[in-house]
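Shared between the two complexes below is subunit A, which has subunit B as its partner in the first and subunit C in the second.
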Partner chain A sequence: MPDTPKHPPFKLIGKNYTTPDLVAKVTGKAKYAEDYRADGMLFAKLLLSPIPHARVRKIDASAALAMPGVKAILTADDMPKPADALTDLGARIPANPLGERGLTNEPVYQGEPILAVCAVDELTCAEAIEKIRIDFERLPHAIDPLETLRPGTPNARVEGNVWIRPPVPKGQQAPPPQVKELKWAEADFAEIEHGRLPMGKLHPDGVDVAPQSDEWSFGDVDEGLKKADLVLDETFTTPNTSHQTLETRTAMAYWQNGKVYVHCSTQSTQPTAPAIARWLGLVDDKGQPDVSRVVIISEYTGGGFGSKITSAISAIIPAILSKKTGAPVMMRVSREEEHFIGRARPSIQGRLKVGFTKEGKITAVDMFVILDNGPYDPQGDANNSGRMLSLMYQPPAMRWRGVTVLTNTPPRLSQSQPGGFQGIALMEPVMSKASRKLGIDQVALHRMNAPEGKAPIGAAPPGGKRAYVTSAYIKEALDRGSEMFEWERRKAMPKRSGTKARGIGVATSCFVGGSVGFDGLFIIKPDGRITVQSGIGNLGTESVTDSHRVVAEVLDIPWEKVEVVWGNTSKNLPNSAPSGGSQTTHAMTRAAWATAHDAKKKLQEIAAKDFGGNPEDYEVARERVFRKGGGSGMTLAQAAKRAIELGGVYDGHEVPAGISPYTKASVQALAGQGLLAVAKDTMPRDGVTHSYVAGFAEVEVDLETGKYRIVDYMAVADVGTIIHPRSLGGQILGRSTLGIGHAIGQKWVYDSHYGIALAKRFHYNKPPTILDVPAKMTWDALDIPDPETPVGARGIGEPPVGAGCCAILNALSDALGDDIFRRAPVNPDTILASLEAGRPMQEQFTAHI
Partner chain B sequence: MAIVRDIMPAFELFQPANIPDALSLLDRYGSEAWVLAGGLDSFDWLKDRIKRPKVVVDLSQVSELRGIRDWNGGLEIGSMTTLTEVVRDPRVQAKFSILSTGAEAAASPQIRNQGTIGGNVSQDTRCWYYRGGWKCYRAGGNICFADTPTAINREHAIMGADRCVAVNPSDTAPALIVLDAQMVIRNSHGERTVNAEDYFIGPDIDITHMNVLKPGDLLTAIRIPATWAGAQFYFEKVRDRQVWDFPLLNVASAKFVSGGNVDRIRIAVNAASARPLRLTEVEDFMRGKQPTPQMGDTAGKIAVGPADPLRFNGYKIPMMRNLVKRAISGVEEAKWA
Partner chain C sequence: MPEANTGDTPKGLSRRNVIKGVIAAGAVSGAAYLFRGSMVRAGGAAAGSVERLVTLNVNGRERRVDVMKQETLATTLRYKLGLTGTKLGCDRSECGACTVLIDDVPHYSCSILTHTARGKNIVTIEGLAAADGTLHPVQQGVIDEQGFQCAFCMPGFIMATVGFLKVNPNPTREELAHGISGNLCRCQDYDKILTAMMRGAQLSRT
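Showing the complex of A and B:
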């Protein structure tokens, strides 16, 4: 690629190495939350609501409390009020009075925890729970999002059935979202007869909403559709999928000297401390979370995928029980409990009108989505589905409209590529159909509509200009992928033989890939070694150590001389990016870069002080700081000793301005141990950082059974500079598999009459197994540095999901034509019934089938 | 009483070391005893606290129940033989490969290492209402939740339903029916054998049980006679995932062909009904005819004649029709070139 930027040659960046946690993981020595024990530890278990919507009139726990071994019962009345939360990117959302509290007296989904029993062991807890009598007042429930928009149907909450965002008064914080009742006219539903999503009003009449909260647009959509040679009007439904992390959200907690120690499962280490403090109501007089009273221990986490960005609200239950009983409390979360409280991606039912020129260029997109939000906080997936679509397919004109509907089903939360996945999954079947209608190759169609360079994204804010991305090289990814996958050869192969049909599919996908503004912190010790304080969570991505390779790279020190401290907030960590939205690699390589340059500057200054001249006369390399071109110098070990002698900023006794109060406290605790490097990432960035993946798939379908097999899958990522190939490959293929699960089987099943989940846990929810994906899935990455970040790296965890799912869906359509499926996942029942009938046969508008 | 799931209640555990001890325990505790084989079905029920036996009799220490022996030119398979052992046994592979294929289609490699053939044929249905603890006919109540206007029933029965619409999930059962296997059942009074076909029962006979075992009974072995050794076999299972899934449907057949015509044939399907079904009408139709795709197609139509689908399982009709066709004529291999 002659026109694309290149990064300089690196010694460590882009090379494989053995991460310090690897041996413990593969030998079973790694300790997860459940593996900890404390003296006198008690256990806790949850009593879950058996019905989808009710009020607790009375709890009779007398028989349970009378049992030997039962120590305490915790109810909603013991829980702190809803507290502020953090978004995926770390921004604060003010507390929602209708938000979750961990336990409730008004369960709004089957499986919502009502109370927790604490006893000497879990068996006693379970037997005690069976002795508890709860008098429920049943309330009407709503399981199907479309159904609850019909006139006269029940609402999921007493307050209504849709979330709206009220306007923000000038100069004030955004008020919490509100629940209102929205019902459409019966006539709106006539569209269902034609297989198209009804599109009623976006909010109730007379209700004011914040600008762009349920509708936004750019360009002239009507004109774009008018001048199009082909207009497709397609409705598609994406599945609700549980995160289903291998490790459930188990937590153990105890109090010592006024501090609460929480062993929990979390994606982020340092950012979990303020979250737990907030949930526990531990705030200082300014209303800020009092992190001095919380210690988070989480050295290993068995997956999060967005469901444990700052652990989980359930983690405060053992903490409060521990306070109540005066003993450590372990709450192991069972797979059954995890099904209900473990979070899930919300389904979107979407309708897209898309105009194409006969050459394949998109002229306009008109998008309408209904988000199945579950009963709690409004998720950003509806809006993000439109935003990511606007980036990925670059329509010159687009309108997005969305309704966020409440249902009495388990709470939703960001799942890898939240909203972006759904946007891609709604649009890709349109791309696939357009390719056949226009007679244009799938890859060519994607390529001509793909973003390039500083491509625009979303609508302009009122009175402002459209935002744009830092860079996009997805066209190069499509080119490389077509070549590696041998797209043209496969395209030329026969499509039918006997009872088998074969198809190939390509899909492109994108999502946010990095944030800015966090701190880095490390010490060069008098023995010449470096200790990096890592506040990053160890959630399986390896960014907990990968990001810090930058420090060794910049200072030219062997990796073997770098020790990374992680997994415990009492170990003086810096303010770090929450590991959500795949921002960590970008954010924390920047922080590492800034901090390494702080160390370099300090080393140069120390050398200049000792040997004369200006700091710029010195360079840092080969574990030394020395005069450029040779001459006087000292080792890093000697410099560390000098830093301690000099004190001040050099050993952390003086804290530079600008770094966060959290980091400042850590610097003060570590001062005097060597040359202390600390910095906040204040480096410029022009644009918003996004990453991209192109996925390629081949499938083979048995036309007599409807069963299909993924013959091959390959993904090519545009994620900037490669930091650690092995963990990058793990992420690309792992998240592709997560996406493939959405195509081939993962879903929820509900009996809407009773409002009860039928598919639960691993077996019935059908996540993909290792034998469902091809044995030899392959990946590649462009390794083109992002021009807006010093190392050039962006995050990877999100875009493979949409690419994985949609490459499979498009390959199925290539094999079977357009009249087989209208929702994902696609299983033999749908394929066979539709093939028999010659039209889509699955109930398209019934939720959770 | 509040409900809590996924935590096993206390029970008295017995681990007898021989068959007489096991039988005497089953005799002593009668309907209060739960027989534990590989545990794949049992632990789900126990952990969910839905089945609450006082006593669990774990057969894992009874070595007599394990292993494959020659028997009258055929084979006798101990009921505690794991599915993996069945799959890998060279005699099974040589004479009755349909059983290895069926056993290998079950569950996942890990589950087959633990799950037994006795457990596989004796397991309970996977109807998600029943397994979820709903008080349905099969659980002693008076409603079938899977057969209501809002029920989700894509995996349920298309034929042979009687109030309950659950299906039998076993992958080895149709293979054993086709092989004319005999189930050896012992209790403290003696031993009896039951044809595989008659081992399974539908809701019309007993709506709360899927087989003929009564309290005190123990399935000790499965005998496979030489009758169908060396026949042309066909087995196919359709499931959502490639692994770790019960069948949407499966089919098994054995046939001897002479002079191009079917001489003897047996064919069975499972997951279409509460019991694995031997398709005798299809067998009668095919006898003396050529096993061609055309003939198979007609046979498939005969097979699905009694089908009466529910709201979400109509696809099982073409699926069963096509599987029966294939079980007669074989599957057409793709030739892409």
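Showing the complex of A and C:
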């Protein structure tokens, strides 16, 4: 193996420290959205649709409005039209006329908010809601994605049952996606009898779709399968799982001097202002969101996992009610309501045909997926499942096909490793089975098919070349993990002991690990201290301060002299990465690096002005700028005073070209306070940034009850340079456990006749508790810097999920063989029934059982 | 302000109607969770009714507070006494975010009627640190280990741990895990939480 890169020794990067938000958290002083109060604050409550699909014919709220204490009622007619949205990676999706508006006159899932009542307190709201009479026209509903593809079945929306992406006219923005009706032939469904997923048409006949939107390929798949020594044709189903953030999407809002102040729960701070502005219809004459009229306050957020990337559309309900009533309005969202409006990961039913040589090398993958999209915006999970599979297992040839089906179930949204998780979860059972069929060790099989270096990903765009990643060292992670986990020793242990069976499993997983192009902003104050403006959200990952350790590292200033300002968009923040898609650590350490070098350059220039010579003759260290090799120099405090005297670019009175208008406004507001450092990350990057995790698990199954326990779990991450070990460890094991939840129990259960959710809240839709995982879990990270980013750090929020889930699934198969399960989660009753029958007994093709 | 707050049992909010409301609208998750801004009516309590103005001992202080008979302790703490460190994650004994100590025993304050806590010592997360700001050993354990991520569950976990350590001051990791298994963390940061709580247990003994 070639030598791997090493990063230089760091003083702060890679070291543990106490984050500045922690004392407030342990003393209960940290304020989340629901903890704010405002004088004269009113309350709001939602009326949710009791049925999965209907049209509101008439709302009679007269009795409610006549009640003392009731201030206003908000219906869909009061809501702004659907607005553009930001993707996980910050790109804009044009408004979808069939998108959500927060309230609706055509509920498309049980629990969709129809109206909101605002009153002096919540009990009055609840009383008022009881007095409201709604005349519904019931419409047919669809709960099961496969069922709605059968001829003659109902559609989830009046317009149809599948999303398609129309072709993009030359030189224009992509038009909004469209809903069409797609029905397969009855004969297509004969595959179900053989335990295989039916594979019908991808879109209705006569409908044009954008190239590669529902099918792409590279290499010669047919040839690859033909020359394979082993071809597996496997169908697997992943679960729908609610994000279930512990803090619901509660929000409080008020207006002052034409500005709306929104206290909300959000993963990102700065990027939430434009999102809320757009949802509220606050746009300037160019159609851009008018962020000057929105202030977001979110110092602490109680979890997001992809469900609150820029807060939630429900946050505009108290904002509009506040405008209507002229008073602050708090809308607390209950756990019951959160189940419906709190977002979820979409299930994928997938079929994979995979060819292997007898040595274990993958020759080709033919992949077909059906995405259970819910009723609203099309999610990227179907496409991403194929893309991540293509990276993780490096097939030389692959075809991906996907159908995105609408159902009358709660709206879906990106959840940690969106699509990537499903792709890994579809493929890992195939890897596990191939390992047994071919007699090849699980680790060896993963290793020989793993990406290395600038490995290719996805299909080439029309007329272009395949994209490739910045780096991949997952093979090293597998090597280190096998050693730490004592894989060989565990492998040699007996699989049976009385009524217990044990098994070990390994899984590899990957996802996007960073974006580029954001801004940094900080000031060296005349007292020699640094104030960093952080637009990053504080959702618990600690990237809100971790990223800025880079500033102190580059300038060689003690961390104690750095203050981080965060959590309030009125505090002059820079254009920052949305905290979604694991982009923050990569994007914002780059921005911090660029900005620290802007400060360094300004310090050197100031020294050269005062002491003569060239700026390059000076260096910055130990809180000083001084002539190299000793001699004249000044402290950072003195340099900050000089910067104010010099003005111009030095103290922010002159704004450099190229930075975002949002950052520019913040620079102008902060000008004159010291040496102002501001920069946009324009540094080159060769490849697309991805991160990787290898997960290892041992399970023990009780053959008499089907119950199993996780004996051990360990994960090794390839995420570049380690910035903050403790927060990294929390992410690796925390996200692994989120994945483990998908293996051991989380799912939805529906009454499909009435379209009503049966498993709601925490108790019936239970995420892992502290007793579901081993009391001691282990993690490690390679700490090999990514060569395409200056500090070398990549994001970690996503890849542990697939590794966690699939290490458990593969360990179960190692213990019990191939004929136990065909879908996740795997419950004790599945194991027991299948063991007794000698074949998989869990119904495979019905959703939500 | 003669509106809305005319009594502690809202007219028309009978049990039957609440149940109907849940079925019809799916919106109401039990009246006890709902916040009622309240004003004390003139005159004493009617015969057979519960006194509304009660005294609670919270974090070592006597607090006079106006409480409806169906009000939960979590609501009283958060909305009447301004102690927002106690979090509501589920409002129905599923998550433990609202855990407080009542006479040294951890309880879900979302599922305790405030009236039943009269005459007892209630301790919330705000009451753990010493008056001079010195943190409780379990709080210090979190600082030492950078425990928890989003920390919305943290007050509940800390209170559950403090309560558990009173009966088992020297637990193993497994014992402590059992002791605090009534608390849910959605960041699923259990390993680091246990490490921090074990550190807190160690500091509590020294």
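Quick note on the criterion: the second predicted complex is superposed on the first by the 847 of 849 C-alpha atoms of A that agree within 3 Å, B and C clash if a C-alpha of one lies under 4 Å from a C-alpha of the other, contacts with A are read in each partner's own complex, and residues count from 1 in each chain.
Heads up, the rule we're going with is that a contact is a pair of C-beta atoms (placed from the backbone, for glycine too) under 8 Å apart; a residue touches a chain by one contact, two chains touch by 3 or more.
All of these numbers come straight from a predicted model, not from anything done at the bench.
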More subunit A residues in contact - subunit B or subunit C: C
Contacts of A:T18 with subunit B and subunit C, given as first, second, both or neither: second
Touching partner for A:K561 - first (subunit B), second (subunit C), both, neither: neither
First (subunit B), second (subunit C), both or neither touched by A:R150: neither
Partner chain in contact with A:D829 - subunit B first, subunit C second, else both or neither: first
Which of subunit B and subunit C A:E336 touches, first, second, both or neither: both
Partner chain(s) touched by A:Y32 [first = subunit B, second = subunit C, both, neither]: second
Contacts of A:K601 with subunit B and subunit C, given as first, second, both or neither: neither
Which of subunit B and subunit C A:D121 touches, first, second, both or neither: second
Contacts of A:G734 with subunit B and subunit C, given as first, second, both or neither: second
Where subunit A meets both subunit C and subunit B, residue numbers: 45, 47-48, 50, 122-123, 125-127, 129-131, 334-337, 763, 768-769, 771
List of subunit A residues in touch with subunit C within their complex: 16, 18-19, 22-23, 25-32, 34-35, 37, 43, 45-50, 67-69, 110-111, 119-127, 129-131, 244-247, 300-303, 305, 332, 334-337, 340, 539-542, 726-727, 729-731, 733-738, 741, 761-763, 767-771, 773, 775-777
Of all residues in subunit A, those that touch subunit B in their complex: 45, 47-48, 50, 122-123, 125-127, 129-134, 334-337, 493-494, 497-500, 502, 700, 704-707, 709, 744-745, 749-754, 756, 758-760, 763-764, 766, 768-769, 771-772, 827-830, 832-833, 836, 841, 843, 848-849
Residues of subunit B that touch subunit A when the two form their complex: 1-7, 9-10, 48-49, 108, 128-129, 132, 145, 148-152, 154, 236, 238-245, 248, 312-316, 318-319, 322-323, 325-326, 331-337
Complex contact set, residues of subunit C against subunit A: 2-6, 10-13, 17, 20-21, 23-29, 31, 33-37, 78, 82-92, 94-95, 97, 124-126, 128-129, 135, 139, 142-143, 145-146, 148-155, 158, 173-174, 177-178, 180-181, 183-194
